[in-house]
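Take a look at these structures.
Next come two complexes built around subunit A: one with subunit B, the other with subunit C.
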Partner chain A sequence: MAASTAQKVAEVREVTRMERIGAHSHIRGLGLDDALDARKVSQGMVGQVEARRAAGVILEMIKEGKIAGRAVLIAGQPGTGKTAIAMGMAQSLGQDTPFTAIAGSEIFSLEMSKTEALTQAFRRSIGIRIKEETEIIEGEVVEIQIDRPATGQGAKVGKLTLKTTEMETIYDLGTKMIESLTKEKVQAGDIVTIDKATGKITKLGRSFTRARDYDAMGPQTKFVQCPEGELQKRKEVVHTVTLHEIDVINSRTQGFLALFSGDTGEIKGEVREQINAKVAEWREEGKADIVPGVLFIDEVHMLDIECFSFLNRALENDMAPVVIMATNRGITRIRGTRYKSPHGIPIDLLDRLLIISTSPYSEKELKQILTIRCEEEDVEMSEDAITVLTRIGMETSLRYSIQLITAANLVCRKRKGTEVDMDDIKRVYSLFLDESRSTQFLKEYQQEFMFNEVTEDEMETT
Partner chain B sequence: MASSMNVAKTLSSVESWLQELKSAKKTALVQDACKKVHFIFTSGTEMVEEYDLKSNELLVRKWKTKTTLGGAGKWEFEIGEQLCLAASLEVEPLRESSLNPIFTRKDTKQSFQWRIRNLPYPMGVYSVTVDNDNRCCIVRTSNKKYYKKFSIPDMDRAGLVLDQAAVSIAHANNTLIIMYKKPQEILKMERLVQQEIQKIKASKDGDVECNPS
Partner chain C sequence: MSRDTQFILRHLGELEQLAEEVLADKEQIVDLDRTRNGNREGLRSLIRQNRQSKPGQSKSWVCFGDMFIKLPGPTAQAMIEQDQEKLTEEIDRLHKELKPKVAKLRDMEGQKEAKGFDLTALSSDEMKAVGR
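And now, the complex of A and B:
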């Protein structure tokens, strides 16, 4: 009884839970068909047909897994979907392929050298598929008992009884385990396996002995034999870990010294070499596979000349992942030098890159993106409001008009409306300046701001 | 258990096991009235044995191997049991309740001995059989409450065949005691191991390793 009420409470909570919405949460893939042609509107992607098709070709290359160390540059004006394309690629790669996204400025840290940060990012993007032995518990559920404390507060206590044809064991449950058992709706008569280390539950089906209970059950209900022998078994499972994770495991100080050392920081070169050798050995023995992944460096113009020359060399390594970079700069100074170069990237590195360019969205595409975002952010908007918003987007920027969606929705809710209309958009448009109006304003009233007592000439001499 | 099985695969006679012990890096320490010997084998596997100082009985033998990816593993007990408290349920997703039967091994001079506590059923319920194909013994209960397969790593290391006639069981105070009479080869091997261990100089508890000059 207690279990069933607990279940109900958990369910209710799940429905009402608010998901936080990110800038690219509507992207679910690249939106390509089997022939790699881009569908006009699909999986949250709109327009950029050429760029998406190019990304699709790269994706095939990654999936084949044969070619290492290729690099791709996505170049285009701000707000033309560069990051969206990279996210789409990550989504369509699936769970098993490592995808690491960093921003160019992330590697500048006082605790770690730039090249170490880059190396770690590289090694995070290479997966190793390997067999490991884990302990699993496999049996038929005899009884689940979950007790909540009488006060209603505090941790729940639970017991789970499992059996095989030969034996029966009682387990004490942790809070997390109780939650996942209620979530999976495990009940007496189910055959389950539980990974002992992670607590992951897999339902195999119902026990044959329960086949005669005329319960309401779906057509998918599968009947399984009760397992034999011992409850706890050792089983080999295949899973993917990244090279960086293996690095970290092996560079932890062993013994009591571990208490005094920080978690990671820089990883020694020797450790990496040892691991590379070990991985090569596993590969030859057929124990492990390498899964090359993707490293995405956003705002790549923030890297400096040292990083670029490091990248040149790192890309030649046969363990290198496919590197995707994105930039919104034109011809600009390479960081750390006085030289100018396209995209702020040295010519020798540019020469190694396949360049995909994105172009500004058309009015129709803009409208579609705004509609998708309205859906994603759960905002009802009238047709003419969207038209106005699209016009604003054309004149200012896509990002600005996307920002107005939630703001307008709030204004609408304050006046107790159900649908955002044109007046709400107008109101937020007058409340919040876009970048060009702000510049205009500053140009007109600069004299009245602080620190404008000094004239231009004086400023230049200092 | 698994670690000891691995060793058993590569070795199958008394001599090679003794050789393995000799080539291992050994340190010894006397603490809490027992002599603790720590072995590191050439494969990187660690083993700890604890002997009672008075009776010279083996109290604990535990193993630690590195995981596949190179991380530190957990101690696995071949003989004796972990006495400190298990990690709390906050860390572990689930653990066996203390109401369950607890299986430990505790040897005597003349026999291997296992004790299964928390087994309240009468004597007639239990049966212990030797499965020579899988090199293990199997404990069964006719009321289907308890079942356990266990190997005897010492016999594996010595490459000996298991014998049903050597097994005997007893039941008292909610505890099932299973005994397996040690064969001559094992007794001989244990004497040789003892001689080897006597050679290691044990440092007293609280001794400082280096000489402060």
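And now, the complex of A and C:
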């Protein structure tokens, strides 16, 4: 009984893990060779050869630091891989290059002005690489001896014996250390590190030589080798923090907690200026490296004219990241004005942009993308099923057919099959409507829905 | 011997010497840390003893090489403290020199440079400003 419950719990967990596979988690780079030519299928990217080459060229410019403060626009129909290309660029920039993705409508909030939201997004995309050096004491606990005063009151004193393979020594313990040792439940045979500056104790695990002390042991017990060398070691850690994180920590009204609660409010301009100055100073002294990142603004046509003019200015700052924007609009009204402009972006900003356009996928490319997604989502699918899914993708949209993969897999698992076949696809195709079938359905049965007195020509205008 | 053999021989000799130096330095750091920990233990008990006895009354045996000398407590304490400082300095120096030595060794062995960022560490005050 208990075992079956445990299994169920495990199963549920697995589903949530699957949900966390993002729509673009299969992208590992732009899939370019050394000559910057796009390989047909590589690093999760399929097709869009032209766009990928263009993105690759821009990437090289970013890496050489030639393009700071410039921006790129990726334009194309929905579902043609705009976000995928942006993700690919982010991936090829390397692990600790900050990449911030926001949607154009995200900056409209009651708590924060639009420009503040944009500034924060800008500063989230610039990383500062710094090094921390700490002194730690690392060793295996040989013995802990704690003397409690006979009266039960007063300060406790104690001794802690630590050893490495080379040496052994005794430390006198004060009340505070004794408390944290008891809190961490440190006992003889544990391998611990003690941060010298803060006195923080971390348990690394139990020593291998003590592996036979008990027969019954929790599964989380980790065995480690007794450390080698000196007891007092030096540890170097390199962090990459973003300018925004430093802003938040140093704006006095906020405090560190704001980082987690998410609601950072507005940050004063002076604070930002001071931080910029300090960072520049660290850079001079060789204490910090600046890692210019990428800010990706999806659905950029949702920004209004004020934001666009702010962007114009902000891009000229020498700490500006590379801004990549994506839009799926053609010639449309600029938000906040009555004027029409290509992509809904003012001409003066458009003039500063490098524009990459994406085109719809061919059938063959669709099939390859679906195959990659199947792999990413851990779904076994028969050849026929993929062909059917590709056809569905051609007729409806790529997004819809990708969504069918997991759904079909669930159906397949319900019937205890090992491989998703055509019937599974057909079943989910009948279960879930795509956009055009849903429209069709609405047209047929509109009379039976509520509030259906909208007349035909009113529909046209909206 | 041909020129090539000469060259290789010299190269290997240099390599061996450098590797030996790195190993010796590592060993020395361990040795110094051992002495430092021993001193620290001694210092602790000296301080405790000095505190318990009347001022100017405590005396301890201190071992210099293979000779024991009886010294007044505070004097012994000051001596060990001085010693500790020197030890810490020496360990720091060795640590600092070790990195370039290892880099040079790797270079001579034809290995890639160990990956790093060539950064100077921030002080603890500065670390606070970035919230770590």
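Following the convention adopted for this analysis, the second predicted complex is superposed on the first by the 300 of 462 C-alpha atoms of A that agree within 3 Å, B and C clash if a C-alpha of one lies under 4 Å from a C-alpha of the other, contacts with A are read in each partner's own complex, and residues count from 1 in each chain.
The definition used in the following text is that a contact is a pair of C-beta atoms (placed from the backbone, for glycine too) under 8 Å apart; a residue touches a chain by one contact, two chains touch by 3 or more.
This structure is a prediction, so every number in the text was calculated from the model and none was measured.
Student: Pick one for A:160: touches subunit B only (first), subunit C only (second), both, or neither.
Tutor: In the superposition, A:160 touches subunit B alone.
Student: First (subunit B), second (subunit C), both or neither: which does A:411 touch?
Tutor: In the superposed model, A:411 contacts neither subunit B nor subunit C.
Student: If you stack the two complexes on chain A, which partner ends up touching A:194: first (subunit B), second (subunit C), both, or neither?
Tutor: The first partner, subunit B, only.
Student: Scan A:173 for contacts with subunit B and subunit C and give back first, second, both or neither.
Tutor: Only subunit B is touched by A:173; subunit C is not.
Student: Let me test your reading of the model: by the given contact rule, A:300 touches which partner, first (subunit B), second (subunit C), both or neither?
Tutor: Neither partner.
Student: Quick check on the superposed pair: does A:250 touch subunit B, subunit C, both, or neither? Answer first, second, both or neither.
Tutor: both
Student: So subunit A touches subunit B in one structure and subunit C in the other; where do those two contact lists coincide?
Tutor: Of subunit A, residues 130-133, 166-167, 169-170, 172, 229-230, 234, 241, 245-246, 249-250, 278 contact subunit B in one complex and subunit C in the other.
Student: Where on subunit B is subunit A touching in the complex?
Tutor: Touching subunit A: residues 2, 67-72, 89-97, 99-100, 140-141, 144-149 of subunit B.
Student: Could you please specify the touching residues of subunit A with respect to subunit C in the complex?
Tutor: Touching subunit C from subunit A are residues 128-133, 166-167, 169-170, 172, 197, 229-232, 234, 236, 238-239, 241, 245-246, 249-250, 256, 259, 278, 282, 285-289.
Student: Quick check: in the complex, which residue numbers of subunit A touch subunit B?
Tutor: Within the complex, subunit A contacts subunit B at residues 130-133, 159-160, 163-177, 194, 196, 198-199, 229-230, 234, 241, 245-246, 249-250, 252, 254, 275, 278.
Student: Spell out the residues on subunit C that touch subunit A in their complex, using ranges where they run on.
Tutor: Contact set of subunit C toward subunit A: 26, 29-30, 32-34, 36-38, 40-41, 44, 95, 117-122, 124, 126-127, 129-132.
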